[in-house]
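Going in written order, the chains are labelled A, B, C, D, E and F, and every chain counts its residues from 1.
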Amino acid sequence: MTREERFENGLGVLQRVDGEAGQKVVDSLADISPELAHQVVAWAFGDMYARPNLAPRDRQLVTLGILTALGGCEPQLEVHTHAALNVGLKPDEIVEAMLHAAVYCGMPRAVNATFTAKKVFTERDLMPVHNT
Amino acid sequence: MTREERFENGLGVLQRVDGEAGQKVVDSLADISPELAHQVVAWAFGDMYARPNLAPRDRQLVTLGILTALGGCEPQLEVHTHAALNVGLKPDEIVEAMLHAAVYCGMPRAVNATFTAKKVFTERDLMPVHNT
Amino acid sequence: MTREERFENGLGVLQRVDGEAGQKVVDSLADISPELAHQVVAWAFGDMYARPNLAPRDRQLVTLGILTALGGCEPQLEVHTHAALNVGLKPDEIVEAMLHAAVYCGMPRAVNATFTAKKVFTERDLMPVHNT
Amino acid sequence: MTREERFENGLGVLQRVDGEAGQKVVDSLADISPELAHQVVAWAFGDMYARPNLAPRDRQLVTLGILTALGGCEPQLEVHTHAALNVGLKPDEIVEAMLHAAVYCGMPRAVNATFTAKKVFTERDLMPVHNT
Amino acid sequence: MTREERFENGLGVLQRVDGEAGQKVVDSLADISPELAHQVVAWAFGDMYARPNLAPRDRQLVTLGILTALGGCEPQLEVHTHAALNVGLKPDEIVEAMLHAAVYCGMPRAVNATFTAKKVFTERDLMPVHNT
Amino acid sequence: MTREERFENGLGVLQRVDGEAGQKVVDSLADISPELAHQVVAWAFGDMYARPNLAPRDRQLVTLGILTALGGCEPQLEVHTHAALNVGLKPDEIVEAMLHAAVYCGMPRAVNATFTAKKVFTERDLMPVHNT
């Protein structure tokens, strides 16, 4: 594959997973680090997300776990809360994953992630969530 | 104890320690993750904060250390700067704890924590602080 | 439920999920922090793991993501690689989750997690793994 | 050297490296933690930055790596993107350092750092950057 | 003060707080980074630990919180568990601080810190600890 | 380029930068996650390290900063201390970079990184280092 084909291939995966939210990130990178935009699309989505062995829904569960744990990744958690919904996770599953995270990375990370999900669910008219 | 009794019990501890700032977090969680709200109140405050062996003031020193070190926990640091004042830590002790943190987690975390404290102290009319 | 009942309830969940590896951690905590042992069992497993909304397999995917991202949690990753196998994740799925993590938390965390999985798979005679 | 001489000495280094952006941080600390302001100036700049063995440009490469990896240090990354330019790093080198960071700390940290650089480059009229 | 006087001053503080365990770290640094050894002694202990506003016992509570949260700092936690005992914290207070940390940085960090304390308490014949 | 060509290309870069230490990591991954081995070689080295805009020496300064800051990456720091020497950084520059890191990520990370460098320098008969 050429560099352009790798990019085109990755763009298809990015759009299926992250949708409009992912496209915006790539667009915002275009005039400051076009190579980072290329690597996000061609490598992260084209090479990694497209791999077998783990379904898209499973990849988002892993991703939500990582982004919640890292902290300071609210913009990425927002994109991936959209992604999680796009690949079939339900709001109460997303919120439950963030609750579960409290056991392993503590309450503040879980709370911050949950407020990011709240922002996305509000935009997509998915509130309220009943996970009790 | 029933689930409701555990919640009520924790709410009393939360209000004594975190005051209004803590209550707001719990309220904001109610429509997105009522179970996370429950666990913050019933477990973190009812089960953990209420334990013996460490005085409330000591728990806030540990908590300030952790939140400063984690980074990306400014909302929690704000709540716990209020909490630190509520349980008897003085402004210059809080600021000193954040200065001390520079040794162990570096200047950026110490500076970010200190600016969060500044926000709370300004609201509560406790500025300026003289820790030289 | 009494404190003892909460512990007994959690112990059943711990044994189903983590198996012998989890039991060992709890035993090692008994003479240094029996309350931490209690909270791991009664709260983390009894209250949190046992909740609905997310299947055991899904919880392990989130957990593997978090522990890989945190770093310095090799002992916990070892226990949870066992747990992941116990709840039905296959070796190539576990290894794929850690590969996927490289996108979000970088190569070193992904490599360290993968070597921990290698240790567990070797013990359980599950090597080699073919994820290409 | 007296305490005042150590401060004066550090202030000179701070102004050469961080410029106006660094001075603002020190000023903002004056009424909340004058001792933290003192330590940033007298110790971090006067004692550490002024040392031999590593050129100012090299120190900024190390610093950009650290701040990108830590996460939640956007205010410091902003100051140090200015500093990096002040000591002679070119925009495409700064952006390349942040791209390189993706290998070791993952895409989200690299993306967040790059957007911080974009803010500074826009202020200083250094956009667009072509690093492909 | 001269450089040598700052070092001598810090060495006194280091020995009172960290004891033999701190001295060993400084000695081990002597042939690889004598300047890091100097900064640990002269700055961290001589300038920072010796400051007013926070008692030695309080500084160790903050330090235990930070080191537990950071992860991967087991050698430092070992030194500072000794330090905590040296400045008057009791075993059950140290263990309680680490238990409390679970709320803010999750179970794995709390468990790893607790096992480090267990190592120190065993050496100093302070086991078992009853914190239930 | 084909997948094999991308791997071969990356292997050349890996061997020039990391030398034998990098090759060992790749070999150890072969039977647990051959795809992770492939991505380290083909992507991290073939695509990223081989890029222009930043000299190999500069990339190691950024890398040392990141790995020191992340913590828990001692195996990677060991490989990259070798790499730093291989691309022309001198022992006192490497040790100075780790000392500089103390300002931004605190003493424990700086000390742990320095002890890893000590291990490598001892193997390569480069001790003692005089950075005072």
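Keep in mind that, in the parts below, contacts are C-beta pairs under 8 Å (C-beta built on N, C-alpha and C of every residue); 3 or more make two chains touch, one makes a residue touch a chain.
Everything numeric in this text was worked out from a predicted model, so none of it was measured.
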Third chains touching both subunit F and subunit C: A, B, D, E
Chain separated most widely from subunit C, comparing mean CA positions: D
Copies subunit E and subunit C - interface residue numbers shared by over half, same or different: different
Selected pair, greater C-beta contact count between B-F and B-C: B-F
For subunit B paired with subunit E, centre-to-centre distance based on mean C-alpha positions, whole Å: 23
For subunit E paired with subunit F, centre-to-centre distance based on mean C-alpha positions, whole Å: 29
Distance from the mean Cα position of subunit E to that of subunit A, given in whole angstrom: 39
In subunit A, residues with contacts to at least two other chains: 35, 39, 44, 48, 51, 67, 70-72, 76, 95-96, 99, 102-109, 131
Chain-level touch network, classified as line, ring, star, complete or other: complete
Subunit E partner contacts - residues on subunit F that touch it in the complex: 71-72, 95-96, 98-99, 102, 106-112, 114-115, 117-118, 121, 127-132
Of subunit C, residues touching subunit D in the complex: 102-109
Subunit B partner contacts - residues on subunit C that touch it in the complex: 35, 39, 43, 47-48, 51
Subunit C partner contacts - residues on subunit A that touch it in the complex: 44, 48-49, 51, 53-54, 58-59, 61-70, 76, 92-93, 95-97, 99-105, 131
Subunit B - residues contacting subunit A, complex: 25, 28-29, 31-36, 38-40, 44, 67, 70-73, 75-76
